[in-house]
Amino acid sequence: MLLQDLIDRNQSEWNQYQYHDFIKDLASSKLKLEAFKHYLIQDYIFLKNVGKLYALAIYKSKDIDDLTFFSLGLQNLLQEELAHHIKYCSEQGISEDELKKAEEEISTIAYTRYLLDIANSYSVNEILISLAPCIVGYYGMAEKIGKDISYNPRVEAYKNWIDIYKGKTYKEAVQEYTDFINEKIADIELESKEGERFLKIFRTAIKCEIGFFEQSYGKFHGQGFCLIRKIFG
Amino acid sequence: MLLQDLIDRNQSEWNQYQYHDFIKDLASSKLKLEAFKHYLIQDYIFLKNVGKLYALAIYKSKDIDDLTFFSLGLQNLLQEELAHHIKYCSEQGISEDELKKAEEEISTIAYTRYLLDIANSYSVNEILISLAPCIVGYYGMAEKIGKDISYNPRVEAYKNWIDIYKGKTYKEAVQEYTDFINEKIADIELESKEGERFLKIFRTAIKCEIGFFEQSYGKFHGQGFCLIRKIFG
Amino acid sequence: MLLQDLIDRNQSEWNQYQYHDFIKDLASSKLKLEAFKHYLIQDYIFLKNVGKLYALAIYKSKDIDDLTFFSLGLQNLLQEELAHHIKYCSEQGISEDELKKAEEEISTIAYTRYLLDIANSYSVNEILISLAPCIVGYYGMAEKIGKDISYNPRVEAYKNWIDIYKGKTYKEAVQEYTDFINEKIADIELESKEGERFLKIFRTAIKCEIGFFEQSYGKFHGQGFCLIRKIFG
Amino acid sequence: MLLQDLIDRNQSEWNQYQYHDFIKDLASSKLKLEAFKHYLIQDYIFLKNVGKLYALAIYKSKDIDDLTFFSLGLQNLLQEELAHHIKYCSEQGISEDELKKAEEEISTIAYTRYLLDIANSYSVNEILISLAPCIVGYYGMAEKIGKDISYNPRVEAYKNWIDIYKGKTYKEAVQEYTDFINEKIADIELESKEGERFLKIFRTAIKCEIGFFEQSYGKFHGQGFCLIRKIFG
């Protein structure tokens, strides 16, 4: 099997994720800035937990290739991505202190702790698959913007955000991740017990991505999370 | 510090939990049966994960008292509570097969995986505190029903559910849990680093409880979780 | 593959384990009582850690069959085996207090922590395989005593110890364990990456068993562990 | 309490470690090269497991200071220390392939898996303490060489090895580690439950260090591990 098979088998959920209103409104510059800022803050919490996910993957690594892949991933996350995210947030008027003090909301808890439970319960392959909807999905959305998703880069902040995921560096990182995972799962049958487990993990992670967009979108665009947001937000 | 201090310091969240519409409508028999069944199914998934929580607590146990407490807890959960839950669900027309095949919804994922992350990251004390809102809170709600919460036991299923948490067996189990935790945290200052950590864990677990009720209530009583329920439900 | 394949592929280590002088001298009643008592004390520490192993297996269980198997195993260990071990030790003049205060020696640390690392890093199959040399091996030794291993049941304590592993209850438990594992690994090729991992885990666990006998035997029968015993004993 | 208290309370074990024949013979150039090579190979396995320890510490990190400390530690280990160790081994005629294929011996298993179990079971403080005998102890031995321990740098390889631990870079790293740990445990009483746990972890780790030297020394200098080495070596 290939990573693409996991997308194909979850086409409906995948499209709900890739064409979520949060992304469509971001691309068309209709997204409320409050919703975007809310997303950025929760995403900071998400990124820190991806650091923990990589750490557990290092513990679970059984050869030097895995160890190198995940430790470079961790290093890049801590030194590049998180630093960039903090700087970008500061440009949007969100201080680092605000990021650190922010309370996790329910979809953030669900997504991050789901990933960590996978990492604690399973092995390297499952970890790679659980994070794939995030890594590959953001590239997929960026690719669609300007094609399937109408693009109006009126808001500078949104344009800059999109440009990162459209950029060469991100594209190469996604390709590397995809190659790494594809080599590992090449011999596993989609119809096997392992294949079914991979499908379930992948689908749940897609749902968590949708829940993550929904959390910020619904809160400021009047849909969903009506009561829950009073508690968790 | 005592367990009661954690409740007192989170009074607002605690009341949102204890007087949630789900509970008030359950007590007054106004709760839609679909909402209740939905709750029962998600609660089955929750209970299975509490089994995993106890298992991790056994791994983290450092003396024979902890080991005994958690292994009796696990045994009771697997042999009594889960069996009772399956039987009770069957009486409401939910088959065991349906329970097993049910998909986890987002608040269920958030709550269960939050507990498991606490159990993996921390020690026995934090595990005990993370589960306390559930164990002590259900007793608290049962106590309020008929007093602060108006009671109309028109629906047999609801009455039976409430009777369990009002019963002597549950009351004794709650007392035992409270005593066990109080002895462990007696020497810890509320204002210490540890105390702050306990407060945060306790508050987050209360929020997860609210999210758990909200998930089933909002879905069938027209509030909250509007979009998200299309994905996770 | 079958569990027996793992034995066949590690025949040399397996025989070093099964025909270790500790066992031969135990069967012929030549074993020094100090060596046996030393073994019993370290075995108490080992059994407690098997409890932790079962607990982690419960956390890693992904279906109700695994959950049931490991939780019954844990329950049996805590309520039957440990209780019996404590009673048996007391008959040999070792108090429960002495058991609790005993310091772990190096082979005990190696064996128990190796098992726990397997349980933390891997899944249910690897856990089952890591414990198989202990469970199946003790039956194997008991079977050999009186046949390949000369038997002189002069010392009552040794006879009683041997009788347990020769008994019907233990035989049935071993058969159940073997059946459970064989069903799980039936579809896995010995020559696969997974198969190689299983072989390595199984071989290391056999070595740990040898190290465990060696630790008690060498200390009192004048061989091995000369210096190390001054530190760890 | 301070880290130094842990050393003071385990003075006897600490001296057995610091003045072990392995170190005295290394300093006086009397150590057999086979013993040293054997040590280097097992130390490679040890270092890889320290990488896993750091990874688990990252997962357990609860603030940005911990996260930074352990991720820099991991990065330094993987990119500097391991690379240097491989290069140094190659200069002694041990190929990287040989390092990778080497089988773990019993004291290596005991030490590494003990550390990983501490990391899995406990929190950041316990992890720091479990590794302290290694980090601080190597500096302590280097300091003693030429003073309390007679020094004859006849063998170039031994001199180079000692120079690293005598060097400014290592000294600064040890100071940083000590400061980091001292700040964390400053408020903890030595006579408390936590203090007792720290003492026990520290003492066991010292014993594991002794066992580690013993393993290589006894094998080639005719003492200890007589039988066990036939199995594990």
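A few points about this structure:
By letter and in written order, the chains are A, B, C and D; residue numbering begins at 1 in each of them.
Everything below uses one rule, namely that contacts are C-beta pairs under 8 Å (C-beta built on N, C-alpha and C of every residue); 3 or more make two chains touch, one makes a residue touch a chain.
Because the structure is a prediction, the values reported are computed rather than measured.
With steps allowed only between chains in touch, the distance from subunit B over to subunit D comes to 1. Between the two copies, subunit A and subunit B, the C-alpha superposition involves a rotation of 180 degrees in steps of 5. Relative to the C-alpha centre of subunit D, the farthest chain centre belongs to B.
Because subunit A and subunit D carry the same sequence, their contact can be compared by residue number, and over half of the numbers here are used by both. Averaged C-alpha coordinates put the centre of subunit C at 29 Å from the centre of subunit D. If you average the Cα atoms of subunit A and of subunit D, the two centres end up 39 Å apart. Subunit C has its Cα centroid 45 Å from the Cα centroid of subunit A. Subunit D has residues 59, 116 in contact with two or more other chains. Of all the residues in subunit C, the ones that touch subunit A in their complex are 59-60, 62, 121-123, 197. Contact residues of subunit A toward subunit B in the complex are 13, 16, 104, 106-107, 109-110, 113-114, 116-117, 120, 204, 207-208, 210-211, 214, 218, 223-228, 231-232.
Residues of subunit D touching subunit A in their complex: 48, 51-52, 55-56, 58-59, 61, 64, 67-68, 71, 74-75, 78, 100, 116.
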